[in-house]
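Below is one structure, written out as structure tokens, with a few remarks after it.
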Amino acid sequence: MTEASVSSFPAASGPNLATRRLRALLAEPKVTIGGGFILALIAIALFAPWIAPKNPLDQDLMLASLPPAGLASAEPGYYLGTDDLGRDVLSRLIYGARIALIVAFVAASLAALAGTALGLLAGWYRGWVDGLISRLVDIWMAFPPVLLSILLVAVLGAGVGSVIAAIAIIDWTRFCRVVRAETMAQAQADYVTAAHAIGFPPFHILMREILPNVVPALLALVSLEMGIAVIVEAILSFVGLSVSSDTPTWGGMIAEGRQFIHQTWWVFAAPLAALFATVLAFNQLGDGLRRALDPVLRR
Amino acid sequence: MIALAVLRRLLVALATLVGVAIVVFVLLRVVPGDPVAMMISPGASAADVAALRAHYGLDGSLLSQFAVWVRYALRGDFGTSISLHRDVLALLGERLPATLELATAALEFAVIVGGATAIAGAMARRTWAESVIDAVNGLLLAIPDFVWALALVLAFGVVWPLLPLTGRVNPSVAAGMATPFYFAESLARLRFDVFFDLLKHLALPTLALGLPLAAVIARVLKGALNEAMAQDYVLLARLKGMSELRLVLQEALRNAIGPTLALTGVQFTFLIGGTVIIERIFAYPGIGNMAIEAVINRDLPLIQGLVLVFAVIFILINIAVDLLVALFNPRLRHA
Amino acid sequence: MMEVTRRQTLALGAGAFLTDLLAAGAVRAAGKDTLTIAYNVNLPSFDPTDGPSAVNPTIQAIYRSIFDQYIGQAPDLALKPGILTAWGWNDDKTKLWMDVRPDVKWHDGSPLTPEDVVWSLERAGAKDSANPISFIWSTAGNYKIDGNRITADAIRFEPTFFMWMAFLTGYVLPKAYYEKVGAEGFEKKPIGSGPYMVDEYQGNAFLRLKANPHYWGDKPAFETVIFKFVPDATTRVAEIESGSSDITLEVPYEEFDRLKKVKGLSGVATPISDIGMIFITNKEPMLDKNVRLAAIMAIDKKAIVDRLLHGYGVPIETLETSEYSAFDPSIKTPYDPKKAAELLAASGYSPQKPVKFTIQTTRGFKPKDYEMIQAIVGMWRKVGIEADIEVYEIAKHFELRTTHKLAPAAFYNWGDAIGDPTTSTGFAMFGPSPHSAWKSDDLDAKIGPLWGEKDEKKRIDGWKAVDAYIAEQGYVIPLLQYVQPILYKSDLKVTPNKSGALQPTLVSPAA
């Protein structure tokens, strides 16, 4: 079934649109570099069992606190050294990428999904629907996020699921606000009036005409949210509330490594660098997406 | 007309507060970890436990507990902290000023540093200097406040022990402060020793909180400035022979400040939220530090009070930002 | 071998630089008459007899500075006269008596009288008392005052009654003052009779004390004592390393090893009356004695202490440490992974087909708690036990324990600063106690009669037999006795306290 579209955004329609947007994206270095890094990280996370040189959980108290390769008394095979339990830092870092990415993608998607749905409804139907949703957003945003996430994880119990839920529950408002404003703006556009005139049902207009035009702003926001999710996971791990059991996480590694910074600085530095690079990549990607997809900024 | 708008705004704020109160109340009652369980002594019987629970008013149904809480809250009585044995409102009154001082300092720092960076960047449009500023700023945007805090403890605690790491004021200096507003009081009473001691203690947590906000302000303001600099009226002013610095400061800044303010307001509320973890790391005696301990101890009345205070701050900031944006909006002003 | 190379790396790094830097930092943080302590917990409340902070062993150091206990306790845990100069039971243990020190003054200068003592005891034991230990205090009543002697009836014989007078909530509070200002007023301006008086207090920040000129005991060594509340261990390390504080405690052992060698700093680490243990809950698969015993035998406690805790810990075989009165060195639970594997095999388990259960632990609540459990799970894995680690907060632990919902294995620490078996094995293992995890009739039948045993020798021997039975049945996994690291400036002299309370009165300028 082919979908009729009267969208005049951006200036042309048809199959060309997707290709053109893609080309615009690839021309943006922030997208290629940031996105490239994230893709590489995804590959590392996916193939962790084959890439990681050691089992991240294997402890060997006889091989504890080894420095990274290249330093005095380093052991071959432990490229980033070991921590105080004799676990391989590089392998833990690689497996930690899994948690970081799972949290980033799932939490950001969930937040985006919920926020977009409510934002579309509020922006489209206005009136009491908008009033209700906007009040809810107001209430939600008035909570201090760190405190709320600590409380939520305390309610739900530690674990990846709880962290994801906490982030999604807290951060859907960001998406809701943007999508609502964007929907309201789009609803005034000529192509929507045209769609009304043609006689498309309202829900069709909302989903088929307006939503695709909201997506560019949304994509950038999702990417930024992923960076935020990585940080929140780290903060929760740091407070000791994130993922339980043996699973290595960057935040947990930072918290563990911090205590022994003078003895084993690499246990602290390695996850910090990974966290930093990942957040940076998500930020740059989001930035690039916004630039490449936003016709106003693209001038 | 304006009075009506303000009234409406206040009513909405009140409704938000009520909503926050309900959500936090329900949330707290489903948190596992019973405050009473932590106090049970070895050898206590079931009756002892029930007595303790009644002692802290935790024995009724959810609805009746909420009704009791609302009734007292309306009279300004937010209950007694379970772990600190003090009136919640009095505790908040003592601790809030410390957090406000910290947040204000961080905001000032962020506005000055972020603003200066943005103006420098706008001045250096399309030069290598702009690329450097952009690149550094991009890096700074990826460093969250708690990472800054960890780095600063290491840098100033160990490598370069120059600044105090913990607390709000040196215990031997702080003697005899009558109000919890140390900054204002030290200035009013010309106690400059206290004033500078406060500044020294504020330095590190302010940096940790302020740097990420400075990076945000720098980016948004620079973007807005660059956009404004491309506008016709700026071109016109330039043709008239206005210097670049005056162009940026007088013409562009005026038009760029509105959107920046709106975003700074949102970010500032995040900064307030960030005090929770930063105060913990620097052992700073504000409400954030108290909040973590309240959660650990499941101090329900205190958590309720704390969340409400955070919510009030949030709402006030938003109202203030709206007013400021309206003030700076040239279209509204000239209308 | 490893150790040496690690130190060499260190020396090459920041170590030398820091040593030079800190040599200048050896001056007292705030003048000669002041002692600044970077303390690991915040003081939540000044009332030492009310609420959760009253039973927090760490805070007792502060309470003992401001208040006096009924009976004092020396750093080696021995009881010594406090507000009471003498005390005891009558022959058939139906009455108690105590003599009140005559020349004691409250911080406001008013005299401390036997009325204060009786009021404090009655308040602690009252029916509606918020005192968490009221079940002990309520065992005596009908107090009578005759001069400086107080007599009372034993409502129920409680062998540890006087020991508790030197332990949690065993403090004398000022009757007249408290009744005048009320609970809220007392929190604002507390007075006691201890060696130090409250000068200024900022929650979560600091507590400044000044010496009590009326104090009945030895004059304190410092005119001013400042407790800085620094819950973050890394920040505490920075506090002592930068010279901002004079003394601190509970720092990571690696940091302790590093800093005690720094010029101008000294360190002392002694075992305290705090143990690490794993509760076993009487549910599957722990109902199988083979599994319990294998879980105990597979743990190499010595390796954990040596490698993970850098030697700072004492492996224990029962819940009694060598300082406790019911310590029995003949009870052994040796490390024997081969035997553990055999026992598991007898129940049909092997590393290929392991027995599975969950172990709960705190993380960062005690030094290396989580790491220790990770190491133990690693040791278990080798013999055929696959344990899943679940991290919980301490609040959750308490709730789960009182509702008997802990996982089959749950790590916790247990403090017993009076060293009596009732407060170690007793409350941890007796079924009806809300604090026990293993609840079974065979054990309760052995413990039950000991609670009110009036013959002290028979009582202690009875507890030793209980400990031996528990070890034989594998009802709990004792791990180790903690060692408390204290770092301080070298111009100080510190007497370590077995109870773990770092009291300012135990610190003095080095001669």
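Letters are used for the chains, namely A, B and C, taken in the order the chains are written, and counting of residues starts over at 1 for each.
Just so we're on the same page, contacts are C-beta pairs under 8 Å (C-beta built on N, C-alpha and C of every residue); 3 or more make two chains touch, one makes a residue touch a chain.
All of these numbers come straight from a predicted model, not from anything done at the bench.
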item: Innermost chain, where centres are averages of C-alpha coordinates; value: B
item: Identity of the chain that, by mean CA position, is farthest from chain C; value: A
item: Between B-C and A-C, the pair joined by more C-beta contacts; value: B-C
item: Inter-centroid spacing, chain B versus chain A (mean Cα positions, whole Å); value: 24
item: Length of the line joining the C-alpha centres of chain A and chain C, rounded to whole Å; value: 44
item: CA centroid of chain B to CA centroid of chain C, Å; value: 37
item: Residues of chain C whose C-beta touches two or more other chains; value: 14, 234, 393, 395
item: Chain A, residues touching no fewer than two other chains; value: 154, 258, 261-262
item: Residues of chain B whose C-beta touches two or more other chains; value: 32-33, 150, 154, 158
item: Complex contact set, residues of chain B against chain C; value: 32-35, 37-45, 48-49, 51-52, 55, 82-87, 91, 94-95, 150, 153-154, 156-159, 161, 164-172, 174-175, 279-286, 289-290, 293, 296-298
item: Touching residues (chain side chain B, partner chain A) in the complex; value: 12, 15-17, 19-20, 23-24, 27-28, 30-33, 138-139, 141-144, 146-147, 150, 154, 158, 269-270, 272-274, 276-277, 288, 291-292, 295, 303, 306-307, 310-311, 314-315
item: Chain C residues touching chain A - in the complex, by the definition given at the top; value: 2, 5-6, 8-10, 12-15, 233-234, 252, 254-255, 258, 303, 307-308, 363-364, 371, 374-375, 377-378, 388-393, 395
item: Residue ranges of chain A in contact with chain C within the complex; value: 57-59, 61-62, 64-65, 67, 71-73, 84-85, 154, 158, 240-241, 244-246, 255-256, 258-263
item: Interface residues, chain C side, partner chain B - complex; value: 14, 18, 21, 25, 30-31, 34, 36, 38, 42, 44-47, 50-53, 55, 127-128, 130, 132-136, 183-184, 187, 199-200, 202-206, 208, 224, 226, 228-232, 234-235, 237-239, 241-244, 393-396, 398-399, 401-403, 423, 426-427, 433-435
